[in-house]
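In the two complexes that follow, chain A is the common piece, with chain B as its partner first and chain C second.
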Partner chain A sequence: MSSWEDEDSAAASAAATTDVELLKRAWRNEKAAPEILHFDSALVSRAREQIQLLEETLDDFTDNGVDDLVVSLYQMDLDRTLFLLRSYLRLRLQKIEKYMAHIANSEDLLSRLSQQEQRFAKSCKEIMEKHLEQSVLSKLPYGYDSVTRQSLSSTEDDMVPEPQLDTFVFCKTKSDVGAFQLDDVGEEVVDLVADDLYVLRYKSIKGLVEAGRIDLI
Partner chain B sequence: MAGQSDPHLSLFSPSEVEFVAEDEIVEIVPNIRMEALNMICGDFGPFFPQIPSKVPLWLAVALKRRGKCTIRAPEWMTVERLTQVLDAERESPREFQPLPFHYIEISKLLFDHARDDITDAYLVRSLIEDIRDVRFHKVETGLETISGRTHAVKLKNLSAMEVNIVRPFMVRTLQAFYKHDSPQMIQQADNTGSRSTPVTDRGPRRDLRRR
Partner chain C sequence: MYARRASQLLKELDACEPGQLVVFNSDVFDQVIRECGEHNAQFQALIRKMVEQNLDIETTRNEDHYGAAIHHLSLLRNKRCLMAYMYNRAETIRSFRWKIGPVLPHEIQEKLNFSEKEYFRSHSSAIKSYISEMDIDLTVDMVPPKDPYIQVRVLEDIGEVSLGDHSVSLTKNSLHFLRRTDAEQFISQGLMEEFLE
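After this line comes the complex of A and B, so read on.
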């Protein structure tokens, strides 16, 4: 790892010290990105632990007759974290449902899912295929009965929904990225300085999102 | 769940944007004594009467609603500062003035729950509305300049709620231009133009590829 990467991650962790901040960032990026992003297992399990801990503390509070006000404030803190976590997990399930066939075909995409999500994607795909097979495909003539292809003459899977990576996203830079090339040819270059806000093609900044150098908003 | 039903165009519902804004830190002056709160989202307090303390906005609003504190309006939410911002906003037709990323949500929450803590609340409110209008007008004129050559749109200092409002239109416009101006399609147009036997019913600008 080169030195600027160290500096960057140090700056990033200083800017977002709590797991809630990190989870919020993951949630926002996941919401704004057209494709499924990498699942941060460590972060999610930390958040789960903290939620569980606070739930236990809250039980103790009510047993020990702690002030209602304090209890209700902690309850709000708990509810907010729970909302974030649930929304994040649901969001990912929605994406998996939408692109199950596409995800199942790619090792790279599958590796972004948690183990539970992988199981979900697999069974989701099996159930859907079985359903389509029984209700529609078995009644169609030979050559038109594939789940993934329109007909035998299709040279590739042309009925698999894929996320549109060409789409435009709003993003905000955390620190200076410098001159950044938007296309393969090098004709489109933007200078990304700290705290800039841009609308860019997701495909071109994908790497920056994955490296945590830019936030989708 | 309204914001989650259509993940493509309006990504965040207004209440989700507000949810994010509620984590912004504000200063309160408590009128009670309370021990430190060690929460998942951070540690706050301990609180003593009349001693200012910094807490997230949601916590401030919760205490305010129970009459346990007053909220200090942020520095930028004064008539003087906002007048400056409004003037500067009007003078530079192509730039947005730096304001907190969540200025719309923060001011709305404070107006809803802590109106009595804001000096000249009426004036402050109408200044913020004017600023919003001027800024939004800029966004709209900016949209007119989008063309097929637009690969990136710079919107430095645009706020969260403004982003959310303009997102569906902006994304759709850029995508439409991008699709119709892609080199592949233009090449296709050139080819059909120079070829002596043009393929009759294939309009050069029609996208026949699978999306």
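After this line comes the complex of A and C, so read on.
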């Protein structure tokens, strides 16, 4: 029995390092995080290379008349990887759509996006502003026609939808983190053990997610 | 009561199934816009009156001050309601790009106002330029693939099509077992649907 388990865990650790597995992790984190995360452009371009490679292999197979079963297994693998990539990019676009003004106004958030996503976020925001401008704001009296502020008496932007960072997320630790402080004052401390599941506020573990020490699920 | 009409708009949104739209309520919408103008006129009149009486508008707390405050706050509330109405509708309209495609059917088109139609077109083209820059189509593969082959039902006569090394005759209402990648293009054109037992 023990040798089986060893093999299993060896296979699992090997699988955890493949690009597809990394992409799956990025996809899962992106799906669960309330805010937009860093775009891993190196990973995405590696995944695209692999997809191309798989496509070429499949073409070779059909040319050389390889067994249909083998072809369909490779096809399935390709389909899954393609879905993962598409879904990852799509998730990010939809997050940008949701918080366009918030993202487009912040240098820090913009720097998390790819070049193409940055362009998308900017045009997304412009299009939305134009729509709100011509349908509502241009018809309102002077002083009440700002898109980000309720009126001239607002001292800061109070009409920009933002993600809620103090929402709870499910997460799994990859390795021992040790005693981790959940709040600023140090009243709540939790001992994060390797491979354990937790439900915590996203805000408090944000740093661990960015450092890749914890996975969202 | 002030700002009641504006809240009607939001109640309408709320009563709607998520992801669905009702016809743009231009009647109530225009009434609320008019209300905003009236609030502003009253607000300005009260402030003018205070200035004429040589009162300091920053510190005076008489009935005109509170009257002006109520008009100001009602206007803000109306603005928030109008913006929320447009913004939430715009969110639903955006979701149509992912769920339906770049061309909206007639029954959805007629629920949108002029600006919303323009918004949908511009936003769709923003997505399109992202997709062409990335050179990967994001509008297919919306659900995780389970099997490389799927069963499909043909909705329109397509005729003889060659798929891979053999050709298939795709006549209306016939069932076929095709490669998912082959079927997808027909499904997105609305010529086929996945057949689920």
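Operating definition for what follows: the second predicted complex is superposed on the first by the 202 of 217 C-alpha atoms of A that agree within 3 Å, B and C clash if a C-alpha of one lies under 4 Å from a C-alpha of the other, contacts with A are read in each partner's own complex, and residues count from 1 in each chain.
Here is the rule we use: a contact is a pair of C-beta atoms (placed from the backbone, for glycine too) under 8 Å apart; a residue touches a chain by one contact, two chains touch by 3 or more.
Model, not experiment: these values are computed from the prediction.
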Based on the superposed arrangement, let me know which partner A:80 touches: chain B (first), chain C (second), both, or neither? both
Return first, second, both or neither, reflecting whether A:90 touches chain B, chain C, both chains, or no partner chain. both
Report for A:140: first if it touches chain B alone, second if chain C alone, otherwise both or neither. second
One more residue to check, A:72. First (chain B), second (chain C), both or neither? both
Now for A:151: first (chain B), second (chain C), both, or neither, which partner does it touch? second
Determine, under the contact definition given at the top, whether A:32 touches first (chain B), second (chain C), both, or neither. first
Chain B versus chain C as contact partner of A:117, first or second or both or neither: second
Partner chain(s) touched by A:54 [first = chain B, second = chain C, both, neither]: first
A:127 in the overlay: touching chain B, chain C, both, or neither? Say first, second, both or neither. second
Shared chain A footprint, chain B vs chain C, residue numbers 72, 76, 80, 83, 87, 90, 94
For chain A, which residues are in contact with chain C within the complex? 48, 62, 72, 75-76, 79-80, 82-83, 85-87, 89-90, 93-94, 97-98, 116-117, 119-120, 123-124, 127-128, 130-132, 134-136, 139-141, 144, 150-151, 153, 159, 161
Sites on chain B touched by chain A in the complex: 4, 7-8, 11-12, 19-20, 22-23, 34-35, 37, 39-42, 58-59, 62-63, 66, 68, 151-158, 160, 163, 167, 170-171, 174-175, 178, 210-211
Over in the complex, which chain A residues touch chain B? Could you list them? 18-21, 24, 28, 31-32, 34, 47, 50-51, 54, 67, 69-70, 72-74, 76-78, 80-81, 83, 87, 90-91, 94-95, 158, 164, 166-170, 182-183, 188, 190, 195-201, 217
Give every residue of chain C touching chain A within the complex, in rising order. 33, 36-37, 40, 72, 75-76, 79-80, 82-83, 86-87, 90-91, 94, 98, 113, 115-116, 118-119, 122-123, 126-127, 129-130, 133-134, 136-138, 140-141, 144-145, 147-149, 164, 179-181
